[in-house]
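Read from first to last, the chains carry the letters A, B, C and D; within each, the first residue is number 1.
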């Protein structure tokens, strides 16, 4: 228990459990299979989007172009299938390659120029979104193959678990391994902690930065394609609304924007909290004119609860250190 | 054919506005300990950074094991068996000690994943070698400065390098810790044929362990690979600073005022201090001595209102007061605190010399509607900057580009400029060259003579004994006793040690 | 001279709704001998961007502007300034609020369209049941009009119909998907009808009903997104309220040319009045259900030609 | 001791100035209409507002934080002002003061929460963005205030200097000078910068860091309100959607200008005139591209490319100037 208490994600877990229970008691429909299904669907791509941002936060940078990459991949993916009649696996592959290329571009230019990733990805945000609009002229692609549509809709057996969430779960697991158990992952965190120290230690900036951005692009690509599966159409707007949520989840999960401190589990719980809050707003039929206010207050509350735990922990450490 | 494992010939290195190395030459004999000495800013760290591939020389040759080589990054240096402890701490604060030690060379499981058990086991071994009793799973951010430094040394050793570069490894170590380190260094030189470059401002250490000496002055060689046997302290100092060492004699004028300016009575703090009683008179220097971790810094932070005093009385000029922030400490009670951790708490590295030195005086010198200009600031702080002989191309140089010693001078200068009544000075001469150290000592005495009351925290016993009027010995967040200082090293130091161990 | 007329057709941002304007402009150039009638899209869906674009177009020599107002009020200022510079303007597809310097509003009365759609829905539900309303950004004044119009239609239906939930601010696909599905999960069993009054919610709701395979819940959508039309054909959506973007661009360009040629609007023209303006010309709003979803394009063209035929006589003094 | 201030030509501002001049030259020779009176006037107005938005974000970036609620604060201030002028009939000047007060107040709330809870301003302002905007929508029911005093709205269309320049630009430039003065020549400005650069060191040097951070947030709210006032005079009405959904349309210009202008995202370093030039550069590029006829759907693409080239070019300049310093 004490070990649990020390974990970054413990407070968030409490928030999730308590709010989940509270909502379930007030509105039993919250735990209905269909609602759980819906919750999992919305978590599925948000989780990947959050991880795509998290890995960049880990190295102390920001990726403003996650949404633009996701959008570009989404329309390439659906466009290839509709216009070029490319088969699904090939389209997926090309989509992933595009995502990684975009990420590589971000990372490469950032490292080579020494300009802050914030500016570089802001510029590439325009570029990727520009290509997206240039290709589509703002018109969606509608002819998504049935297999893709079915994937977006199917549940596993008789459970309320959507097929869609399998990939995010695998990816979250892999990301956890990557950030905690691989040398490259640890080097990324070290780099995020202190660029100067990392360089003196002999960690290669270009390797760390480019890898992180490529992974970020890769994840954004997956998210983009998952959204296509889910929406069953490839609209150029995919990704437009990703930016803030992509930051919100890791930051609610205690990530430090300056870098070096991120946690995969806490980020996942951050995603879950945001999803639960926005679902609660619907379930409780909050008047549309109040929705924004509630949303803001809930986010603050969630963060405060987590913060309170840190507070307690700090107080304990102060007393410990005197003994 | 070549007895040198590492050579640098006629190296030049410039930074914007500064020529850090000017035709510098350096030769490291195999299986020897080579002292690299010089004043602050002489170019020692720059030389080391060239050897480790962090910087690239503008011209000049780098010869490793007889062959000319080019190093593009720190990893290249590692490949040649060069490992280093930089002057700045380079541990990843949010990682555990063990992981930091093994960061370049992580043990992996069959699956290619990091094996944390193995990390703990291996790192434990290296910690043991330095007599360090730290759990490898401790976070670095929870360590004291001294322990961090020891961890870095352990890390450098763990690479089993043939050439070991130590840039001021002992700057924040206690004599005991240094002693352990030195016997270890001697052992690896003797038994494993390792060659060591040793940078330090503590000349006793140099005479204690080094074989050869190279001295840099303003980036040029003042001497090259001189055998230590041919040198004595006086000669060495003359090589470094171009004149004889001035011995600071504590000739305090008016230390007999009985005008109590600050008193703590039965103070308790939220950090765990208990029963703290202290009386500071005008013009008095009180020393706080204790081993690292005794809670001296913390006590002072409570005094200036950074952390809370929970019980007891603080009396300033006879009046009971509450100090709730460093701001009111400075503005209302004229108390200043010179931090021991200049990078984190003392200076603003991304700002220039002028802004850093003047940070404490803006409120004082402002005119109507808060007007403060660079000119006004310069007028106020320039005297202190030049008095301390800060080595900087201009007042607009960024602090991060100054050498460590010069950074320390700035963090002192800003408090001189503030003109406080009570000055708390925490480890003032860590990493400071002997010339400046002597100067700082004179300065502290002069300040006290001129009416400032000083609380001096130092882990440097000789420094403490030469400066303080009385010495309070602390251990474990409590006061163990007070020693009246008669400036006789032997008797006072044995009394202090006695108190520490009670 | 018509060949001097250079019309810019400026939508609010990149959006498929307006795609027909491009074709309409080209056809107008051909059919009426205009100098230019170009479709110019702001890079982003943002009032300031739209203003910047319009200003740069004027800088480039366009001398008539048809604009989908980025904001019903906020766009007025620039229209006034264009008017001062002798450039005629009109609001297209959506209206600006009076007082305005726009020569007319040619488009859809958004409130009325929502009202009619809700009426259709209530009919389809047999005059009673529970309704949910999904709509766009609350800060768009049109959204408020739509919410009120739906309420009005419901009130007129007597006590049998009730609005159980309004979900707004879902103009992006991902949040729309999340919220609408959450609604279906919580209220899907209770609700009998859905009316959507913005493009994205219509698409997402149609998709959700299709995915659920639920034909019990009746839905009336808006606009002509393929997803909505397909769902109508498949019977998952009852119908949709269509507008006439092609006609808007085509006739709008024509009207601009006429005005530049010296025509003025008649004082006694058969204007319609809406909540926003009383210089409104309906570009045609039709309700389409499964019976006419395949032929709606022709129907629309018919309406356009109908309007064009009498446009000069009814509205203009030349 | 050498007291020379670093040479202007080595600074980021100089690089930006060059880029602005280069692009002005390119656009004025390769497009028709760029130098037309109408276009320059329109540009000056857009630039004025973007500068103000950029400055408002800059002063929070100074603390190492962000103010996502900037747009929401702006809209709230504008709507509040509209209400004062239209409904309460308060005269223009007091109304403007009230709007500025409103902006500062909302900024103050951001600051207080950030400082007292220690939660990163990103999350705090993400939440307050929702809250402020939600209250605004709820109270106004998204109704605009359109019957503002004519004197007020005329200001937005007024033309100066042979009808080339909007007075809004003068307000923004004056604000730049005021901020420059604040940060360069007053004790409080210097303290703000020091607190942002290294809070711990600043605190121990007798600066009340918390108070400084609150000031920064208040100043941000104040400038946000000022931007909203300019925008309101330009639009001629106070409308809830003037900064887009949740006020987020302001975020891009808000970040672009200061970051291009050399303000450090980690705090403690800013450049007022850099921010100004950043805003000028971005607006210039957008305008030029619209005029260049690159195909409207490709505009964003080219804007991105040029932006990238611009920062890379500036980087190269920096590299070479640094080299020349070493040599000398």
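To be clear about the criterion, a contact is a pair of C-beta atoms (placed from the backbone, for glycine too) under 8 Å apart; a residue touches a chain by one contact, two chains touch by 3 or more.
What you see is a predicted model; the values in this text were computed from it and never measured.
Enquirer: With centres defined by CA atoms only, which chain is the most remote from subunit B?
Expert: Result for max centroid distance from subunit B is chain C.
Enquirer: Can you give the whole-Å distance between the Cα centres of subunit B and subunit C?
Expert: Centre-to-centre distance between subunit B and subunit C: 72 Å.
Enquirer: Return the distance between the CA-based centres of subunit A and subunit C, expressed in whole Å.
Expert: It comes to 35 Å between the two C-alpha centres.
Enquirer: I'd like the Å distance between the centres of subunit A and subunit D, where a centre is the mean of that chain's Cα atoms.
Expert: 29
Enquirer: Which parts of subunit A, given as residue numbers and ranges, touch two or more other chains?
Expert: As it turns out, subunit A has residues touching two or more other chains at 133, 137-138, 289, 291-292.
Enquirer: Specify, in ascending order, the residues of subunit D that touch 2 or more different other chains.
Expert: Those would be 137, 141, 297, 299-300, 303.
Enquirer: In subunit C, which residues are in touch with two or more of the other chains?
Expert: Correct list: 14, 41, 43, 138, 169.
Enquirer: According to the definition of touch, which chains form touching pairs?
Expert: According to the stated criterion, the contacting chain pairs are A-B, A-C, A-D, B-D, C-D.
Enquirer: Which subunit C residues qualify as touching subunit A in the complex?
Expert: 14-16, 19, 41, 43, 138, 147, 164-169, 172-175, 177-179, 181-186, 188, 200, 203-204, 207, 211, 225-227
Enquirer: Quick one: which bits of subunit A touch subunit D in the complex? Just the residue numbers, please.
Expert: Per the stated touch rule, the residues are 109, 113-116, 118-120, 122-131, 133-134, 137-138, 244, 247-248, 251-252, 256-258, 289-297, 299-300, 303-304, 307.
Enquirer: Which residues of subunit A touch subunit C once you look at their complex with the stated criterion?
Expert: My answer: residues 27, 29-30, 32, 34-35, 37-39, 41-42, 45-46, 133, 137-140, 142, 153, 227, 230-233, 235-238, 240-242, 275, 278-279, 281-283, 285, 287-289, 291-292.
Enquirer: What residues of subunit B sit close enough to touch subunit D in their complex?
Expert: 14-17, 304, 306, 325-327, 329-331, 336-337, 339, 344-351, 355, 358-360, 362-363, 365-366, 369-374, 378, 382, 385-386, 393-396, 414, 418
Enquirer: Show which residues of subunit C lie in contact with subunit D when the two form their complex.
Expert: Against subunit D, subunit C makes touches at 14, 39-49, 51-53, 55-61, 71-74, 76-77, 80-81, 85, 97, 137-141, 143-144, 169, 171.
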